[in-house]
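Both complexes shown next keep chain A, but they swap its partner, so chain B is in the first and chain C is in the second.
And then the complex of A and B:
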């Protein structure tokens, strides 16, 4: 059985973000990158399933982006994926979610994947759209926000996280796209022998031009830091005076009372 | 008689060698062992390790050893004369003045040995120190040694009663103890004396043979194994770890999961251990209720070896014990047998980390991940690494000193103050200093001590490249962990050995004249960090610097070589302390007991731990943790 896991490399969230000169995304200088956290859950789940299925299963890890994303692919290979595919695209950040999904679908269409795992969303742009659009493009079943996953001869039983702390058990069949949520599993720490083996695993590089992205439907007009709101004000002192002052501020600023 | 003696000695030698041969085949390659025979002889004969940190029991052992050595030498001389020189050549050297001194020395040695034995017996069986386990074999050893000494005196007394008493009192005076015994037999007829002498001689002889036979069967084997263990101990920087060959493509295994993966010396340690529990008494993990005793660890590895070279080490030792270690090396500092505990623990951690991706907690995995991605375990932004130095004059060109700042001094608010104090000092000294800025990464020490040699070597290689690119000839650190790693470990990975690496303590101690008091200062206590103290022998310089600025130092109950760790070593700074009580609280309490107003340290981990320990221990009003650099900066 062929399994695909789609991962994205994202900036570390502790980065002191600066906007690039074009004003449409972050400046990547001095930025540390890592595998999108939700994609780590996807890799772990895919590797665990592959190990369970045994010799007949093969796991491919795919990522789109500039040269640096090879690091994320290598980590997934060290975690246990069999081979890597890198769609080399330095302008990836200018593509919208439908284009990214189209590129993946175009790559995947003739490779006989029965299951595709990916993260619920990316930590940097957070649209949570690539997985669902990909499922539509490939005509696969789709289960999102998965926190529990079982696979038995084509039958999928997944536990989904719903709003308000609810859970739902859903059943579907392969082929399917599964988007993974925090709580699904604990991603493994790559062992040294696996890191060494990963260095020798196949890593195919595919120029972006070779996969069809289609036209953009959404363009980023501007990326910016949210404007600083005014600093908070501490009211201290005599309770009666504080209360008077509080009422005055609320009245001035909101007109509610 | 000689056949019996030969058989006993042969049995002893066979037993001792058999045991070691099993070890030789079990452990890893022994090819790189360089025996330090001279050092081993000196350490053994002078009983250096038995005495230091051994208290009265250590002295008891040393006195007994020296006495027994004299008795053995004396007996050997008698044997040589009686059965060799006199028998074959009619030559006697035990005569005249020499014989008198000889008799006196043996007599007194025998008496002192009995007294030392008595003292040690009272300690073990009457006072029963906590943690000292006694086995039936220990009782047997006491009985054997006591009987050997006692029957020796009876034999001597009988001989003197027959040949010296009433006849040659001038000579008898030189054997005062024998004389006392001889007087007991005074008046017996010659035939009875001769018969009694013959019988007790044989009893004495058989007891001595039993002693030889007991050596390989009981912990008496330490008589031979400990000197050998001293000889096996490596020369060079103490606590230095082996740098693993990670690019070895034929290697399928890293670290130690079974006894066969350990070095011969590590296995030999288990044979040399005498379970004296000195290590256990010093262990901060043990003292705070964690499931680690360095003594038990050594014994457990020995037991694992006995059950097979392929048995699981971590199962035998216990995973929690392996992760509890703070690598402070207090155990090794006091071990009279020269056992090296920490290397074994690191090898087991390497096995778990590199082969299984196993760590003591998720927080450790997150910190390691942060080192990998952000270059620091705190998860702070890579690009913010140089922010601490905002407004300070740092040099790129013409740098005299490269200040390897370290993660905590770069990012941790409390330790940034230390870094800035050190820069103030350098400014006042007129030393042009620079840093690696954003290029600096974690030195890798905490990751390495957690077993992740791969991550350590990755960041180390990047740091070495950045250091070489600056052309710096001198590196100074404010962190003892950075210092130890750069100075003693990085050269293995290619750091130019021409580059000198110093911790600021020694760097400033060499400029002692620049520091002076600026008025009265409250009494302080100084905390010896493990990596400056035990690992690198820097004990006096910080105290001299404190003296130079007029700070009166009150020492803690444990200091210098037996200093009690803050709890942050061995990568534990990255880990939550889930078992037992908090080491930093115990440390802060120990510092608080001195009544000092400040506890001075010179390590960012120690400062962090002490700040925490002082808060949780409710000592905030009484005592303030400070870094030595902070005190020095205002006193120049």
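And then the complex of A and C:
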């Protein structure tokens, strides 16, 4: 059985972001990138299923983006994916969700995937659209926001998170796209021997021009820093002074202490 | 402009998010019609036409079927915009409806200005102004982005909607309540929450001590619960508990929208964070830009006095 896991590499969220010269996204200089956190849960779930199914199951990890995304693919290979595919696209950040989903669908359409895992959303754009659109494009079933997953000979039983900690138990069938919520499992850390092994695994490079993206449905007019409403006071500097002031403000404003 | 508002319902009860959708549509100057899959007894308290499908036939949770109904009504009514909540229900439906309509989708809109939608990016540190390239658009609205004005008092004109035959297998087997009910943080006067910025599991103890010293309860963000550092019953946010204490003290909490949704009704918000640009500082009345490992012991000392 062929399984696909789609991952994205995203900027470290601790970065002090600067806007790029085109004004439509961040300036990537001096920015560290890592695997999208939601996708780590997707990789873990896919690897665990592949291991459970044993011989005959094959897991491919796919990512779209510039050269740097190979690092994220290699991490997934070290976590246990069998082979990697990199759709090389330096302009990926300008593509909208429908285009990204179209590219994945075009790549995946003739490869006989039964299950496609991906994160619920990316940490950078957070649209939660690519997985569902991919399911539509491929005619697959779809379960999103998954916090529990069971697969048995084509039948899928999933726990799907709702609001306030409530969960729904739902059933569907392969082929399906599963979008993974945080906490679905405990993503493994790649061990050194597995990192070494991953270097020998196949990593196919596909130029972006070889997969069809179609036209954009959404354009980014502008990226900007939110206006700081600045109602709050900022305390910085000497710890003792900050602590004095912090306690004093809380005491005066709440009367609790 | 004409908008279709999709109301959410849980076990026969209308969720209040519909009133935020109505307010957003009003701000955008749109005429509205509504659609809900829910119970007949408890429709949204809003005037206007409501397409109502019964959960008995359409299912409590059946995204392919619900999306098909929404797309049908959107087509029939000739709406320019379909508006849903940016919630687990909306995450499923919005892309399916958008694809069925050949429409662009905007996720987690917080504002609408001159034909462009404003959405957060990069954990709330940036905003994007997005412009749909299609005639129709499907939008999910961030919880709490707009505040409905006053108590809703309207009565909708109900039009029955029967579900079409579903081509997709999707079976809803039932609900599962949260594992441990835990503490009722909603009643606490003081909630001191730990976020990922605590760094290590040992530092959760420090935050807990601060909660105790302030006579409050320990809360946590989702990543800490997922990591097993704090029990699930103490999670604050859209997928955890909603709190409104007199004092909310956020320690190492960046302030993701999902978390803010659960604590922004707090009377006074204080934050300890090393990042002066963290989104939590937007809602905090006071922020101490400091390492909590140093600052919390200093605060504890002062509280003893």
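In the analysis below, the second predicted complex is superposed on the first by the 230 of 257 C-alpha atoms of A that agree within 3 Å, B and C clash if a C-alpha of one lies under 4 Å from a C-alpha of the other, contacts with A are read in each partner's own complex, and residues count from 1 in each chain.
We take it that contacts are C-beta pairs under 8 Å (C-beta built on N, C-alpha and C of every residue); 3 or more make two chains touch, one makes a residue touch a chain.
Just so you know, these numbers come straight off a predicted model, no measurement behind them.
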| item | value |
| --- | --- |
| Chain B versus chain C as contact partner of A:249, first or second or both or neither | second |
| Touched partner set for A:195, first chain B, second chain C, both or neither | first |
| Touch count on chain A, higher of chain B and chain C | C |
| Partner chain(s) touched by A:56 [first = chain B, second = chain C, both, neither] | neither |
| First (chain B), second (chain C), both or neither touched by A:34 | first |
| Contacts of A:16 with chain B and chain C, given as first, second, both or neither | both |
| Where chain A meets both chain C and chain B, residue numbers | 14-16 |
| Residue ranges of chain B in contact with chain A within the complex | 246, 249, 252, 254, 353-359, 362, 365, 368-369, 373-375, 379-384, 438, 453-454 |
| Chain C contact footprint on chain A (complex, rising order) | 11, 13-17, 19, 26, 96-98, 120-121, 123-129, 132-133, 136-137, 141-145, 157, 159-173, 182-183, 215-226, 228-229, 231-236, 239-240, 242-244, 246-247, 249-250, 253-254, 256-257 |
| Of all residues in chain C, those that touch chain A in their complex | 10, 15, 60-61, 63-64, 87-89, 91-92, 94-96, 98-99, 103-108, 116, 120-134, 168-178, 189-190, 214-215, 222-223, 225-226, 232, 235, 238-242, 246-247, 249, 254, 267-272, 275-277, 281-290, 294-295, 298-299, 301-303 |
| Complex contacts: residues of chain A adjacent to chain B | 12, 14-16, 30-34, 186, 188-193, 195-196 |
